[in-house]
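Below: the structure, in structure tokens.
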Amino acid sequence: MFHPFGKLYQLTTFGESHGAALGGIITGCPANQLLDLEEIQYELSRRKPGQSSIVTQRKEADEVEFLSGIFEGKTTGTPIGFIIRNQNQKSQDYSHNVDAFRPSHADFTYYKKYGIRDYRGGGRSSARETANWVVGGAVAKQMLPQISIQAYVSSVGEIFLEKPYQALDLMKTEENIVRCPDENTAQQMIDYIKQVRKEGDTVGGTVTCVIKNAPVGWGEPVFDKLHARLGQAMLSINAVKGFEYGSGFCGSKMRGSEHNDLFNPDGTTQTNLSGGVQGGISNGMDIYFRVAFKPVATLMQTQLTINQKGEKVEMQGKGRHDPCVVPRAVPIVEALSAMVLLDFKLIHQAFQ
Amino acid sequence: MFHPFGKLYQLTTFGESHGAALGGIITGCPANQLLDLEEIQYELSRRKPGQSSIVTQRKEADEVEFLSGIFEGKTTGTPIGFIIRNQNQKSQDYSHNVDAFRPSHADFTYYKKYGIRDYRGGGRSSARETANWVVGGAVAKQMLPQISIQAYVSSVGEIFLEKPYQALDLMKTEENIVRCPDENTAQQMIDYIKQVRKEGDTVGGTVTCVIKNAPVGWGEPVFDKLHARLGQAMLSINAVKGFEYGSGFCGSKMRGSEHNDLFNPDGTTQTNLSGGVQGGISNGMDIYFRVAFKPVATLMQTQLTINQKGEKVEMQGKGRHDPCVVPRAVPIVEALSAMVLLDFKLIHQAFQ
Amino acid sequence: MFHPFGKLYQLTTFGESHGAALGGIITGCPANQLLDLEEIQYELSRRKPGQSSIVTQRKEADEVEFLSGIFEGKTTGTPIGFIIRNQNQKSQDYSHNVDAFRPSHADFTYYKKYGIRDYRGGGRSSARETANWVVGGAVAKQMLPQISIQAYVSSVGEIFLEKPYQALDLMKTEENIVRCPDENTAQQMIDYIKQVRKEGDTVGGTVTCVIKNAPVGWGEPVFDKLHARLGQAMLSINAVKGFEYGSGFCGSKMRGSEHNDLFNPDGTTQTNLSGGVQGGISNGMDIYFRVAFKPVATLMQTQLTINQKGEKVEMQGKGRHDPCVVPRAVPIVEALSAMVLLDFKLIHQAFQ
Amino acid sequence: MFHPFGKLYQLTTFGESHGAALGGIITGCPANQLLDLEEIQYELSRRKPGQSSIVTQRKEADEVEFLSGIFEGKTTGTPIGFIIRNQNQKSQDYSHNVDAFRPSHADFTYYKKYGIRDYRGGGRSSARETANWVVGGAVAKQMLPQISIQAYVSSVGEIFLEKPYQALDLMKTEENIVRCPDENTAQQMIDYIKQVRKEGDTVGGTVTCVIKNAPVGWGEPVFDKLHARLGQAMLSINAVKGFEYGSGFCGSKMRGSEHNDLFNPDGTTQTNLSGGVQGGISNGMDIYFRVAFKPVATLMQTQLTINQKGEKVEMQGKGRHDPCVVPRAVPIVEALSAMVLLDFKLIHQAFQ
């Protein structure tokens, strides 16, 4: 079963890593708005494989073709259909997987759930799907011109960017290939990823996201809280193991007298351990959160595993995979955030 | 706007802290099943105020009245309506809040969003709502007799239960008032909460939850992943700031060669850093996750804040509040987990 | 399974004819609006049993108790919970049904679907449920003060009110007990219903509904067309067998050159065979439609039927039932219309 | 806004009459099932333009390309994405509409709702969208091999096929171009449509649909009744003005003693005025219903209308349009029925 992402701004998607194409349908995009298609393609290029030496070298142009919902450069209010053809399917790279379940991949669970799986690759569980999300998010971003959504890599393995986001110039994120806005830390991260890759290994990391200028009042009580929907969105990204916003896990160690954000007379707060959300509703302060990614499961090392008959088989590391996903995850985190925010904006408008 | 919790097993709720009653409607409960109403009342008693010396002393019987959907002791497949009357509304305790926004509460955001708020208390943003969830979860638990869902307090402030869940006897969780299955750690936690309360302060903590015997195949790809739905559920609980499952944030520091869970011939895995979920679908191993709660925002200390006119006002700590929410959060975490699991069980069954 | 009625203005309900209470939860009601509770009770009195000599004599006060979502006379934007206690359950009247399936009732299908049914009466399939809808609709009506929604009885058996609605004074609908705005036709209908009842029989009829002052632009293309959602709503009422809007079934006999509604320069149309909707979206003209009700299945005559074992049994007509449902259906048709319209209003506002 | 069609078997679509392509995403298709793609193409050919002399001569191959969700000829349980390229857009035919609102079309309402419209044709309101539905329905049909869904033309203008469906050989429906299973009536209909077309006019008609072998228990109480969902589906088809099932509008003239369907000992009924549904749930008898279509609004005659400035303009009939839609509506009615039935089958299975 599939449930569209979002309630009013909705993204419904399809596609597998080795199928003919990915694609999606965006519904609930406001009408009569100019849409900059190059900007969308730019966001896709931030996510696409082969963009630098520390990501997978799979070759995909990731060109999006829009099929509906746009007329004379503007949105018409009707569904925006799009597809992204898969170019470099290179099935031969994956032939060793026909029968074997890759450890810590979804091969086993998909096979058990559906009784069939596309053994040429991750199929529907592949992170290629996230290209669709970047399209949906890039459209949403253009509908939120006043809001800035900026994600960056805040750790790779044990290398942490210790500075809080307020101390960073987030415009520098795109200046290096690991997407860490602190030059020195970025260089350490890049060197580390290269070393890990050389060893045929992979490594995890975290992405932090900061949203500025969201007005007071977005988010819905109880079961559609802004942070809960952001959390669900982030936990939908491949390899994500954790989500925290505001004070996060650290906040659980604190006392109320330290943690409370006292008000200024204008309704802003003196601190922002809340992370810009109170009771699930934005309070006008910066919204920020952090997302934890496990190391990529596909190694360039030999691993022992089992096949569909339960026999032990040796699996040779092959193909072109990311040694660390966080650099490419940055635009994905932003895209999902944009979609969640636009959705809540529309919901909020409905009741005004 | 409100969206029911769940897709097939759905809980829709209403109620405010100082209104006449809370309540809800459960739809999608399998028909013709015996329902043990005492068991449901027992779960409510685990959550209710006044149950021990380290929780709020607000007096509420929290007795649930079922109004439909049950006939001769069995579910009929039709909606189960229920209400829980509020008994101890004691509005006078809250009179000091009429005009002032309590720091780090939802008073400000609700007022700005809706232009009106029930100033007698938290209104809809109050955690009294979670009593409804416990009812929904207690019904769901009975529809999943083969599955064990056990949550416990894993930290209070800086006091951590360091042992992994496998080293604990989770049957001991209910043996102490803080709901930590390790006796020594429990005592430290209790002492600390008492001290914090004496100081008019509050403290945060974490809850860990372990789900055993879930079969392979529950959870849906892409936007309805099992762990993402659990995450959204947990992030819906008042005061929650973070969620992680399996290796969680620690996993982001690891290498793939350490993190991969290698298979045994029977499809189980030798380690379980995945946390029982692969690609959003249960893999038959234990599902486990951890939830971070910030300290309660209501202090028994005087705080400076603002009122609706933006004037600075002094707010006197009054009323009866929890110094630490995690002991009472344990049954809530379990209840939400039960609802999510039953929902995915039903969805999975639809396609068999 | 249950799906709330509506997308943004949602009604979720519970209750059976012989259970403790009916009730529901309204979500998505605009905040900070005065709510006239007497007006809601008045609408319930239009639907309630025992209101006149031509409807069922079952005694029910049908008093609604609101439990949340209203504060100091205004809506708060949070869910409005309500219950209506069943007073006159009189199970003994129905004891003859314990084991037998009443012909053309839902007894058989419910039993086969769920394996259990509340044999004291219609259970969940009873039209008592529509009391919940009247509450939801009465709230919705108050959120649409500029719009008039007026239904009336347009036929009983073979007795038709031949005049088109434009030739009627719809303010006269409430002046007689059958709710037909034409006095002479009303009297014929009343006499006929009395005769039918005397014979222990029942009779069908139709209700016409006219909606004035809906603005251009409500309704959504393709699968949420205004008339399709109205149709689904009406087809949800017990005993409804057909729905048509605008020219309806008659339109299928016509030619395009007769049927097209030509424009006036102000965008209104010279005729309105379209029924106020084009492409699923309101065009600013009157919206009108007609709903067909079959005769009530419960007769005061003896019928042969079968029991759960498939044995033939004789069923004695007993209890207090409507000889004709259309008079009481009038407020139900209006209530559902109001909810559909408010829902589309909110959806439309979301994208402005 | 767009809402997918269906709850578990869902179809989400996009596309305009003069855009690059139509397409859709099917989710919730059972996994590991053989899919006959030629059969799907055959259903499309039944709907496509240019198939006979009495339908529009627009030339479209209507070839569907599947992009995902199918592997080695079988469904994988993941979303099935598909597109249908528009080949014959012929914008010049529509250039006369740039500024004018065609009477009884959605031009006016779309423009007023969205502030923009694709003036080359019907855009999103075009019946070309129904090609997507035929794909969704053709897939659904293959998942319901035991069920027969057969629609046919039951009237064109005043020419009615008077025989009840039980007296017809529905296998003969495809033997003539108007899709009426009675040869004589079919010929009258064909002659009449040809005459109407010669006059530059159009005419309405009705389609009847018969569903056999649906088991007892499909459909959900209250707001997801089987017949109400069928009604909403049919009312979503372009030009539909009415829907009735079982005894329909005729039933409203009857008495209960004539209308009740008495049981046979095996649970079947002696008559079937109920139309195979009781309380919204299938009862195992034939499900049948009738759908009314107004005459096509596009005439080959000159009409007066207005443009966006409210000026009167003369509109010349041009282009290639259907003189009567019912022959091409037959596969559409079947497709929607198949999707509704499969959806309810899956929902029912969820709770077994």
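Every chain is named by a letter (A, B, C and D) in the order it is written, and numbering of its residues begins at 1.
Heads up, the rule we're going with is that a contact is a pair of C-beta atoms (placed from the backbone, for glycine too) under 8 Å apart; a residue touches a chain by one contact, two chains touch by 3 or more.
What you see is a predicted model; the values in this text were computed from it and never measured.
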item	value
Most distant chain from chain D, judged by the mean position of its C-alpha atoms	B
Which of A-D and B-D has more C-beta pairs touching across its chains	A-D
Equivalent of C-D within the choices A-B, A-C or B-C, defined by over half of its residue contact pairs recurring	A-B
Centre-of-Cα separation between chain B and chain A, whole angstrom	27
CA centroid of chain B to CA centroid of chain D, Å	46
Distance between the centres, which are taken as Cα means, of chain D and chain A, whole angstrom	39
Multi-chain contact residues (two or more partners), chain C	1-2, 4, 8, 13, 28, 31, 77-78, 113, 124, 221, 347, 350-351
Contact set on chain B toward chain D in their complex	8, 28, 30-31, 77-78, 221, 346-347, 349-352
Footprint of chain D on chain A - complex, ascending	1-2, 4, 8, 10, 12-16, 19-25, 27-28, 31-32, 65-69, 71, 74-81, 83, 113-118, 123-124
Complex contact set, residues of chain A against chain B	1-5, 7, 13, 101, 103-106, 108-110, 112-113, 124-125, 129, 155, 157-158, 196, 201-206, 216-217, 219-225, 227-229, 231-233, 235-236, 241-249, 251-267, 269, 273-275, 277-283, 292-299, 301, 303-306, 310-312, 347-348, 350-351
